[in-house]
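Beneath this line is the structure, given in C-alpha cells, with notes to follow.
As written, the chain order gives the labels A, B, C, D, E, F, G, H, I and J, with residue 1 at the start of each chain.
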C-alpha cells in the first residue's frame, strides 16, 4: 500500500525565487489489480496480486516552502511494489500524496508504463496551488 | 470490419481533475482497399482484399466520466486486420468510434503508416467535446 | 519537366472535420541547373543537365474537398528526375502544383536537400487558402 | 497456410562468384496458435485463430543457380497472415521452403518477434547445401 | 524464492537442426540481500528484504529435445520478485534451473543490472551439454 | 568552497543587439553534504565530505555590457569540487554568482545531476534583470 | 580576414511568398585570438595565430529580393580559416555581413562551437528588417 | 548505361604497404528493369525505363599499383542513373568494372538498396586478386 | 592516493563455472599531474594538483575464488579523486590493484577518458593468471 | 607542412605489459592538393592551396619503450592545417611519422574524411614492429 507517511521534506533553500525541480525514477514497479490480460489464478497465488507493471515516473515541481527529500521519495515509490493498482490511480495518487506533503506552487506527475498487450500507456496529471499564482 | 461494440470502458477514478492519457499501439495492421500500387488480382485472391498496411496508432485523450479499457481497445484495433480501408478512414473512424464510446473532453488520434511506394503517411485528427471547455 | 497533370485526387472522406495529412518522400532527385559547384562540361554531357541533387520532400496539409492520391504524387515527384532546377524552385513549384490540384485549407512543403559543397539546405514554404480560415 | 508454391526464382546473373544477398522484411505477421497468454475464446472468434504476432524476418543467402524473386517472396510471407503458428515453426518453415525453392549454397533465416508477456524472442536457423562447400 | 517447478517445456519442433533461440526479458526485479549500499533497517521493514534491484535477463540457447514455454518462463522470472539474492547468484541460478529443465545443447544467460552506487554490472554465464558436441 | 572571485568578464562586442550565449559544462562535480544515501563514516574520512555528485551544468544568457570569460568560468566551476553542497544550492548559487558578475539581461542555469538512489534530478533556475525588459 | 565581398546573390524566384531557407555548414574553422587556454608561444608561431576553433554554423532566413548563392557562402565562410576571432564576433559578424548582402526579412545565425576547456558554447543572434514586418 | 571508361586512377602513393580504402556513396540511383512491383506502362513512358531504385554503395579495397580517382568514381556511379538494371547486376557490375580498372589486391562492393514492396535488400560481392596473396 | 586497502572481496558463489563479470563506472575523476595543457599555476593552487580528468572505467573479469565487493570498489575508485596521475598509470594501476585483491583468472580494465585538447584517449590493459588456463 | 619534429614522447610507465592506447582526434583539417572537385582558381588564391578537407584521425597503438605526448600530438596534427595533401598520404604519413617517433609494437591509423562530391572516404593503415612479436 502506498505510504505517504514516508515522504519527508526540507526547507526550500531559495524560497524567494521560483525555480523548477525535475526528478525521473525509471525503476517504479507495482502490480496489476486485475486477474486480467496478463495474469491468471496461478499467477495471483504466486504474487498475492496481479501481474507486475513497470513504469518510469517523472515529477516536475516548483517548490514553495519545502522540497521533497530524495531518499524519502525513493522509499515512498518502493511502497507501491506489491500493491495492485491501476495506471490512472498510480499517477493521480502520487500527485495527491506529493502535493499534500510538499505544497508546491505547481506539480506535474507523468507515469510512462511499459507495453502491455502490445499497447504502451503514458498518464499525465498536473496540480496547481489554489491561491497562489505560479509563474 | 471495425467492431466498435468491442470497446469497453470503466469509470474515471479521478473525474474532478483534467488529466491526459496517451496510448501508442505499434502493431496496427489492415488491408489496402484498392488493387493499386502494391497489389494485383493474384494477391487479392490470396488475402481476400488488398495488400497489407501497417501503422502505429497513437491516441491521446482527457477522460470525462469514463476511460477506455486497455484490453478492449486491443481487440477493437485487431478488428481492422482483414478489412480493406484507406488511411484517412482508419484514423477518422477510430476517432469517431472512441469518442462515441468514451465521450472524452478532448481526443487526438494519429496514424503513422509504413512507407508505401517510397512515401510515408501520417494522419492526425482531433475531437473536442461540443459543450465543455477542455483545459 | 515537372508534370502537374500527373496529380490525381479523391474526395476527402471526412470533409466536415479539419485534420492533417503528412507525407514524407525521402527519394526525391533532380539535377542542378548550373555548371556550378559539382559539375563541369564533361558531366553535363553525361547527364544532359547538371549534377544530381537529392532531397527528402515533406508535405503537410489540411484537406478541403479532395485529398491527393498517393501513387499519382509519387509519379509527379518522379517527373523532376532529369530536370535542372534550383532548390528554391523545387519547393515552391511543388507547393504551387499541389495547392492548385488539391485546394487544401493549408499546406506546407519542406525540401531537405543533401550536403553540397559542405553545406546542407532546407527550404520551407507554406500556402494558406485565401478565403477560408484554417483551424 | 504458408504457400511455398508462391515462391518464384530467376537465374543467378553471376553464378561463378559467391556473393551474399540479405533481405529484411519488417512487416511479417501471423497468429498465435494457442488460446494462451494474449487471447481467449472471444478473441478466437474474432480472428479465427489466436492473437496476432509481429516480426521482422531477415534472410541471408549465397545463391547457386537461382535467386528468389522479390515480389514472390513478399506474397509468400503474406501467406502466413491468418495462420496460427509458433515462432520456432515460422523460422524453420521459411528456411525449409526457401532452401527447397532456391537451393542456395548457404542460407540463414532470423525471426525477430515483438515482445509478448514482457519477453522478446529471436530465432535463428541456418541451412548449408549438403554436397557443396560454401565459401 | 525462485521456483524452477514453474518452468514448462514443449517438444522441439525441429530437433534435427541446430538452431538458436534468444529471449530478452527487460522487466526482471529482485531484492538486494544486504542491508548495504542502498538500504537500511527502515527499508528492510518496508520490503521484508533489501533494496530493489532491476535487470534485463538475456537467454540464448540451442534446443535439444524440448524448448522452454514462454509464459512459464515469465512466471519463473516473476518468482524472484521478493527474494534477496546477489547478482552472481541470479544469473547462475537461472542458468542452472533452465539447463536442468530444458537440457539444451548450449545455453548462455546474461544479467544486465541497473546502476547501483554509480556502477553498472553485467554477469554472463554459459552452459554446454556435457556429452554432445554443440555445433 | 565556490569562489565567485575567480569569474572574469570581457566587454560585450555587440552590446546593441540582444543575442544569446549557451554554454554546457558536462564535467561538474561536487560532494554530497550529508552522510546520507551513498556514504558513511568511512567514506567521509576518505573524502573529507560526502559522496561525489556529478552533473552537467547548462548556462544560457543574454549579455548586457559584459560576457563571462570562458576559462574563468571553468576555474569557478572547479572550485565546487571538494565542497559538500545540495543540488538546489548548486544551481541557485551559480545563478547568483554569475548574474552578479555578468549582470546579464536574462540568465538560466540548469543542473542535470547523475542518478542517485535510482532517481535523476534536474534543477532549473532563471534570473531576469530587474529594470530592463529582456526581449 | 572575413571577406564579405565574396558573397554573391541571385534574385529570389518567389518574391511574393514568405518562405524560409535554412543552411547548415558543419565545417567552419577559425583561430582563437588569444594565447589562452589551449595555446602558447610555440603554437602561435606554428599557426601565426591562436589554436584552431571548430564550429557548425546554422543560418536561417526569409529572403526578400535576393537569396545568397551557395558556393559564394562557402567561400566566405572559408575566409575565416586563418583569422584569430572570438566566438561572439564570429556569429555577429556573419549575421552583419549576410544581412547587408541579402537584406532578408529576417535572419538568424547560430554558431555551435566544439568543446574547449571542457565547455561547449553556442551563440545565437537574430536580425529583423527594420521597416518590413516579417511573417 | 554504366560507363567504366569514366573511371580514372592515380598511382598508389604507398605501394609497399597494404592498407585499406573504404568509400561510401549514399546517393546511388538507377531504374528497375521490370514493369514490376512499383511501375506500370504509364510510368515506363514517364521515365523511359522502370521505377527508380535508390541505394548506398560501399566500396572497400586494398590498392596495389593504383587507386581510383574520387571524382571519376562519382561520374561512373552517375552513369547508372537512367539505366534499367537489377540489384544483383548493379553490385557485381561495379565490382567487375572497378577491379578491372584498379586491379586491387582485394575489393568488396556492398549495395544497400531502399525498401521496395516492404523488403530491403543488401547485396555483397568480393573480388580477390588471383595470383597475389592479400594480407 | 589510490588506496587498494579499501578493496574487499566475497567468496565466488559459483567457483566451478567460468563466468564473466563486467562493471562500468562512468563517474571516475582524478587530476592531471602536469601543469600542462589545461592548467597553470593559479589552477594548481586552486586544486592542489593539476586540472581535473574524467573517465569511464570498465572492468571485465572471470572470478576464481573471490569476487570484488561492489561498494568497496566504488570507494577505491573514489580514492583517485584528488590525485595527480597520468592516464596510462590510472588504468594499469587499477588492473594491478584489482588483480592482486581478486586473483581473477583473467581481467581487463579500460579507461575511456574525456576529450582534452581536442583529443580523446582510451587505454586498455589485460591481466591473465600466470599458471591457470583461462577458458 | 607536416612537422614530425613537434612529436614528443615520454617513457612508457608499464613497459612489461602489452597494453593498448587509442586516441581519436575529430578536429583534423588540411587542404585538397588539387584544383579539383571543390575548388577553382579563385579559391586557390583565397587559401593558398586547395579546398579544405576535414577528418577524424583515430590512432591505436601498443607502446614499447615510449608513449606519444598528447599535447605534442595535437600540435603535430595542427601542422597539416594549411597543407595541400591527398587522403592516402595523410594517413600513411601520420603512420610513418608516429611509428618513427614512438617505435610502437603495433600501430593503426584511420582517417575518416568528410563527404566530398557525395562520397565519404575512410583510409586505414597498420604498422607492425619488424623484429618483435606483438601480442
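Quick note on the criterion: contacts are C-beta pairs under 8 Å (C-beta built on N, C-alpha and C of every residue); 3 or more make two chains touch, one makes a residue touch a chain.
Here the structure is a predicted model, which is why all the values come from computation and not from measurement.
Contact with both chain G and chain J is made by C, I. Minimum number of contact steps separating chain E from chain H: 2.
The distance from the centre of chain E to the centre of chain I, each centre being the mean of the chain's C-alpha atoms, comes to 29 Å.
Chain F and chain H have centres, each the mean of its CA atoms, that are 53 Å apart. Note: centroid distance chain A to chain I, computed from Cα atoms, is 38 Å.
For chain F, the set of residues touching two or more other chains reads 26-27, 37, 114, 117-118. Pairs of chains in mutual contact: A-B, A-D, A-E, A-F, B-C, B-D, B-H, C-G, C-H, C-J, D-E, D-H, E-F, E-I, F-G, F-I, G-I, G-J, H-J, I-J.
For chain E in complex with chain F, the residues that touch the partner chain are 37-38, 114-115, 117-118.
Residues of chain J touching chain I in their complex: 12-14, 17, 19-27, 63, 67, 70-71, 73-74. Against chain A, in their complex, chain E makes its touches with residues 3, 6, 26-27, 29, 42-43, 46-47, 51-52, 54, 75, 78-79, 81-82, 114. Only residues 36-37, 86, 88-89, 91-92, 116-126 of chain A touch chain B when the two sit together in their complex.
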